[in-house]
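Consider the two complexes below, in which subunit A is the common component and subunit B and subunit C are the respective partners.
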Partner chain A sequence: MNLIILKDNLREGLNTLERAVAESNTLPILKNILIQTEAGKVKLSATNLEIGVTNLLFGKISEEGSVTVPFQALYSIIVNSDTERINLISSGTTLIVKGENYEAKIQGLNPEEFPIIPKINNETNSIEIDPGSFKSGLSDVSIAAHISEIRPEISGILFDFQIGIIKLVATDSFRLAEKTIDHTKFKTNFNQGFKTIIPLKTIQEIMRIFSDTKPIKIYFDNHQILIKNETTELISRIIEGNYPDYEQIIPKNIETEITVKRENLVNALKLVSTFSSKTNDVRLKITENSKAMELYSINQSLGENNYLIPIKSKGADNKSLSFNWRYLLDGLKAIKTEDIFFGINSNNRPALLKSPESRDYFYILMPIKGD
Partner chain B sequence: MNLIILKDNLREGLNTLERAVAESNTLPILKNILIQTEAGKVKLSATNLEIGVTNLLFGKISEEGSVTVPFQALYSIIVNSDTERINLISSGTTLIVKGENYEAKIQGLNPEEFPIIPKINNETNSIEIDPGSFKSGLSDVSIAAHISEIRPEISGILFDFQIGIIKLVATDSFRLAEKTIDHTKFKTNFNQGFKTIIPLKTIQEIMRIFSDTKPIKIYFDNHQILIKNETTELISRIIEGNYPDYEQIIPKNIETEITVKRENLVNALKLVSTFSSKTNDVRLKITENSKAMELYSINQSLGENNYLIPIKSKGADNKSLSFNWRYLLDGLKAIKTEDIFFGINSNNRPALLKSPESRDYFYILMPIKGD
Partner chain C sequence: MEFDQLWQSALGEIELQVSRPNFVTWFKNSKLIDKKEGTALIGLPNNFAKEWVENKYNKVILGTLRGMDDSTKKVEFVVYNERTAQKPTIKSGTKVAINKNDDFGQLSFSEFKVDQVTNLNSKYTLSSYVVGKSNEMAYAAAMAVIDSVGNKYNPLFIYGGVGLGKTHLMQGMGNEVALKYGGKIRVKYVSSEKFTNDVVWAIRNKRMETVKEKYRLIDMLIIDDIQFIAGKPSTEEEFFHTFNALHENNKQIIISSDRPPKFIPTLEERLRSRFEGGMVVDIGVPDYELRLAIIRSKLQDKKAVLSDEIIDLVANKIQKNFREVEGIINKILFYQSRKNGEITAKNVEEIISESSQEPTKNINPNLIIKAVAEFSEIAPLDLLNKSRKKEVAEARQILMYLLREMLQLSYPHIGRRIGKRDHTTAIYAYEKIAREIQKNPALNQKILIIKELISKG
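And now, the complex of A and B:
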């Protein structure tokens, strides 16, 4: 192998692969990346056996070939390099990296030992999607996900593929977020009703490595999911198991419908939480003839505080409920509108947060018992 | 006590005190700050018994008084507060903090229990100094200081007060930095030859809390140092003991005088250090008829690399020495000129880094033995 590549391109390619490189020592070659020439392009691959990522880069190839070297050594050179073009040459299993006045020899391994990144049967199920709304949907629901060893099925995001829409759902059993993405304008090819659970770490990588502009295609079968655009592919295992039957906990009716300025509620929560206890509880109370909400917290050794914010409300008044303020704040951050619809119920039923206008996202949250 | 204060002013005042507040649980009141009205101003004080910091703020005082409350609770409220003006009211040992629609009660302690921050005899020794050059001098030498329990006398910076100049010196026994600050244009009042060692943590606080524009006065006696400007005072213990007789290790003559572009050497060090071992060693070798310097490092399991940079040199050639690249980089960062003077000697004598023009700063560094 002998090729010349722009340093900035190579750095971006390595950034894309970074978290697919294994950190542990179990299998040394998983700390390596594979560099190959393929159809006139330079292909980088990495896998930690949970996910595999490949990235295609432009380069001037004078000799085909492949090499595998430790990611960290090559990355450190490229990040610190002060030359525009990098010359990569393989000599046996060694990679020679040349810049202006600079030369490194990185000891590699036999590229044939590099694990094969699994393929997916592209013909089964596929969907094309707008990367911007897909990524922001993942971001808005993933706040409610939680990695649990006891309940692996909630350690990921449910993708519920339906004709015209995908529902993305996450829950940690205290709160739940659901986003509906319309994809009627794109080509689809799958059986309605296909559901799959994608690990949270995979979701975080999808959000990190895919651009907001290049169209994304998603392929899936019963064991794997593949996300790709024109240069980058990410393949991941899925989480086996059944997602909890979450639809039954979505409140069908709301006892007290509150409209509140998002910024007011966010500021008040941040401030009042100063005195909240380890359970992060802040008490919310409808007061002043349902025209205000009082936020209150107390800490036996530090003190207490309260904040009054104006609201509009409809339905049962005299409500007083406690919430985990961090969870409430997470939901408020995911909804970007000026006003927030905040539907509250009795102590043993979840509250609901959403934008007053839009129907494509909601966040539900259980009160803290004991008030 | 009853007063109104601008939130931004109070926040800045609390920021100034932040690191003078004790973190440990040994004496609970040290986690508090003292708030007092004094001569029409609001005075904040904190001490961890190593240093004490006070800060004077403007405020509209309607009732004199004092109160002491946990720093963290008040700070958290002020950082998150969304109102411009804050009303502080004492009620017994409780502090009531009021903003628009907001009220907190913070449990405090008896202000008479707050430790008295020691005073210094202002008449003994004092010096006025330009804050900008003082702070940049502290920054340039403190890179060579190191907190050592075995050798407390090097866990700080030596202030050597002489007529017209102050020398600031720091060393960790592997390298040493010295900065000379001219203060001939300011008033001074002290005996020539006074030396004192100021703890590194105090130095870091001086750099953090004093502005670059307000003139600084320094007062010192045999036990304490006081730094003050018109609003802020920091008093610190000094380190008792004798500073090492460092002048004998400053090389009097230089065998090989090298001039090199600072940026070239910085870039080359960062790049070549990729393969350096745990001792951070990078080998420097004068080559090509003394017109180039080769930087080289090797790691038995990863590989090796080298970088050639152009230099001008005079004196003995064929030098080959190894340095701790992190220490060398520290010195290069403190010298801001385009070219660097780099004087190297034999293996057992320190090298010297400075700007080719200026005489007010130098950095010396021992080579790593064994080449």
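And now, the complex of A and C:
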């Protein structure tokens, strides 16, 4: 193998692969990446056996071939290199990296030993989706996800494809977020609905490596999901199992409907939380004839504080509930509108956060037990 | 199993031919799934392992297996996830602390605490189900079903008002069956709402087979609040087929409703007749003694003590919806622990009156007239004029009874409003219905349904 590649391109390619490289003691080759020439392009691959990522780069290839070397060594060379063009030459299992006044020899392994990145078993059906909408949807729901060993089925995001919409759902059993992506944002030739659970780590990689501009396509088979754009591919296992029936926990009626300026509530939470205890609890109380909400927190050894913010509210008054302020803040961050609809119920039922206008996102949250 | 032993000894040989890291990485959780006509089927936990083993170790595996059994001609590979593929065992009564956050009082969605396969909540057990006069029939039928699942009373149809313990009894049956038969009888509990959601999702997404897979591969289906599927044609249709498929194969079906099949309006006739084809039992309003026993049992669960006077008061005050009792006991106990002292009868009365604020939202005479008219299918005007037809007369008496009972209107007022009648007519109607309710369960049922219509507006 002998090729010349622009340093910036190579660096970007390596960035894409970074998190797919594994620190494995049982199989040291997982610390490596595979560099191959393929159809006039340079292909980089990495895998931790949970996900596999490949990236295609342009380069001037004068001799075909392949080589596998430790990611970290190559990465620090490229990041620190001061030349624009990099020459990569393989000699047996060794990779020679040449810059203008620089040369390195990295010991590699036999490329035949590098794990094969699996293919998807259904290439006929796919969903082509606007990456910006998909990624922001993932980011809005993934705040509620949590990796749980006891309950693997909630350690990921539910991808619920229905005819005409896609629902993304995440929960850690204390809160739950749902985002609906409507049909204007995607095209597909799937003609049946299906549900699948994508691991949280895969979701984080999707959000990290795919750009907002290049359209992406998503493929599924019984065990895997593949996401790709014209240069990058990510294949991952999916979580097998049934996602909990979450519809039944969505509150159907709301006892007290509050409308509040988002910024007011965010600031108040941040300020009042100074005194909140280990449990992160902040108490909310509707006062002043339902025209204001009091936020209050107390720390036995530090002191206490309260904050009054104006609200509009309807329904039962005299409500007093405690919430984990971090959880509350997570939900508020995902809703970008000026006003927030905040529906609260009795102290053992979930509260609901959403934007007053749009129906495509909601966040529900259980209170902290209190009096 | 034979395959497992065979594969274990094959792995022993393969290990000698492959490097240690490769063996550990790629052959972990592998399994010989099947072997027939010279083809061995090897399961691997994920696609990475499958690709690798298939491409790199095909020959090694074939050679090893052939060495042990020379009829082996070919090896095939599939992704096979042991954890999800195995039949889930039912862990009844095991409680898993989902997260340490529980300790801090952060509440979690209680709906997620149900068993993922059976949908049962382990907190409902038959041992905590208190039996008295009003529910002994239902309980006896339940016990008979547990002893002989699918053969004795099928379907078992349990009806009764809100908060009287239908769900507790049915889930308790499910948990008991799961425990007694150690998972050999596959139980599934589902609310009508959930069943409807599944049907709607399947229709919308052209996946009707998912409903069939989900509801026909079980041995005991428990479906709660069946009245909610009435009037939803596709759901009724699908439920009818599910019912038949299960019933024909002697699978047990247990159904609950707030009223007997014949009083579920808009329920398809063919479903009604099937529901009535097994055993129909009711759970009535608990009498004083049963209420006392339930309160005592709840206190015992909570390891709490209240004076006899207080228990007596709660039993007397809360008569109909017993679901409230739990909340009220909690409040009383909370109050007691916070005040650190004696709780008086007066405190308890306050707690009860503030908790049982029934949503008596704007019930007015017109609403009652409308509901009676709707239920009896008589035009409201006919109710209010002087028609003397028998069915109109009876509906009118019910109407007068309800106006008195629910709104405490004066008799002369009721008389004037309903066809300019004398107040004695109103008194007569009220007393007659009040008397007959005691004797005639069908009439009682009618009144309950009308009241529900009223509260729904």
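Criterion: the second predicted complex is superposed on the first by the 362 of 371 C-alpha atoms of A that agree within 3 Å, B and C clash if a C-alpha of one lies under 4 Å from a C-alpha of the other, contacts with A are read in each partner's own complex, and residues count from 1 in each chain.
Just so it is clear, contacts are C-beta pairs under 8 Å (C-beta built on N, C-alpha and C of every residue); 3 or more make two chains touch, one makes a residue touch a chain.
Please read these numbers as outputs of a predicted model, since none were measured by experiment.
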Would you check which partner chain A:L109 touches, where first means subunit B only, second means subunit C only, and both and neither mean what they say? neither
Output check: A:F275 vs subunit B and subunit C. Expected answer is one of first, second, both, neither. What do you get? first
By the touch definition at the top of the document, which applies to A:L56: first (subunit B), second (subunit C), both, or neither? neither
Once the shared chain is lined up, is A:N348 touching subunit B (first), subunit C (second), both, or neither of them? second
Considering only touches as defined above, state whether A:M207 meets subunit B (first), subunit C (second), both or neither. neither
Which of the two partners, first being subunit B and second being subunit C, lies in contact with A:Q248: first, second, both, or neither? second
Now for A:I4: first (subunit B), second (subunit C), both, or neither, which partner does it touch? neither
In the superposed arrangement, which partner chain does A:E153 touch: subunit B (first), subunit C (second), both, or neither? second
Subunit B and subunit C footprints on subunit A meet at residues none
Name, in rising order, each residue of subunit A that touches subunit C in their complex. 24, 26-28, 47, 49, 52, 115-119, 146, 148, 150-151, 153, 161-163, 171-174, 176, 191-194, 222-224, 235, 237, 240-242, 244-249, 278-279, 281, 324, 348, 350, 366-371
Subunit B contacts subunit A in the complex at 70, 73, 76-77, 80-82, 94, 97, 101-107, 267-268, 270-271, 274-275, 301-309
Please output the residues of subunit C touching subunit A within their complex, sorted ascending. 21-22, 24-25, 46-52, 55, 79, 81, 83-84, 96, 98-99, 101, 104-109, 111-112, 116, 191, 193-194, 197, 201, 204-207, 334, 338
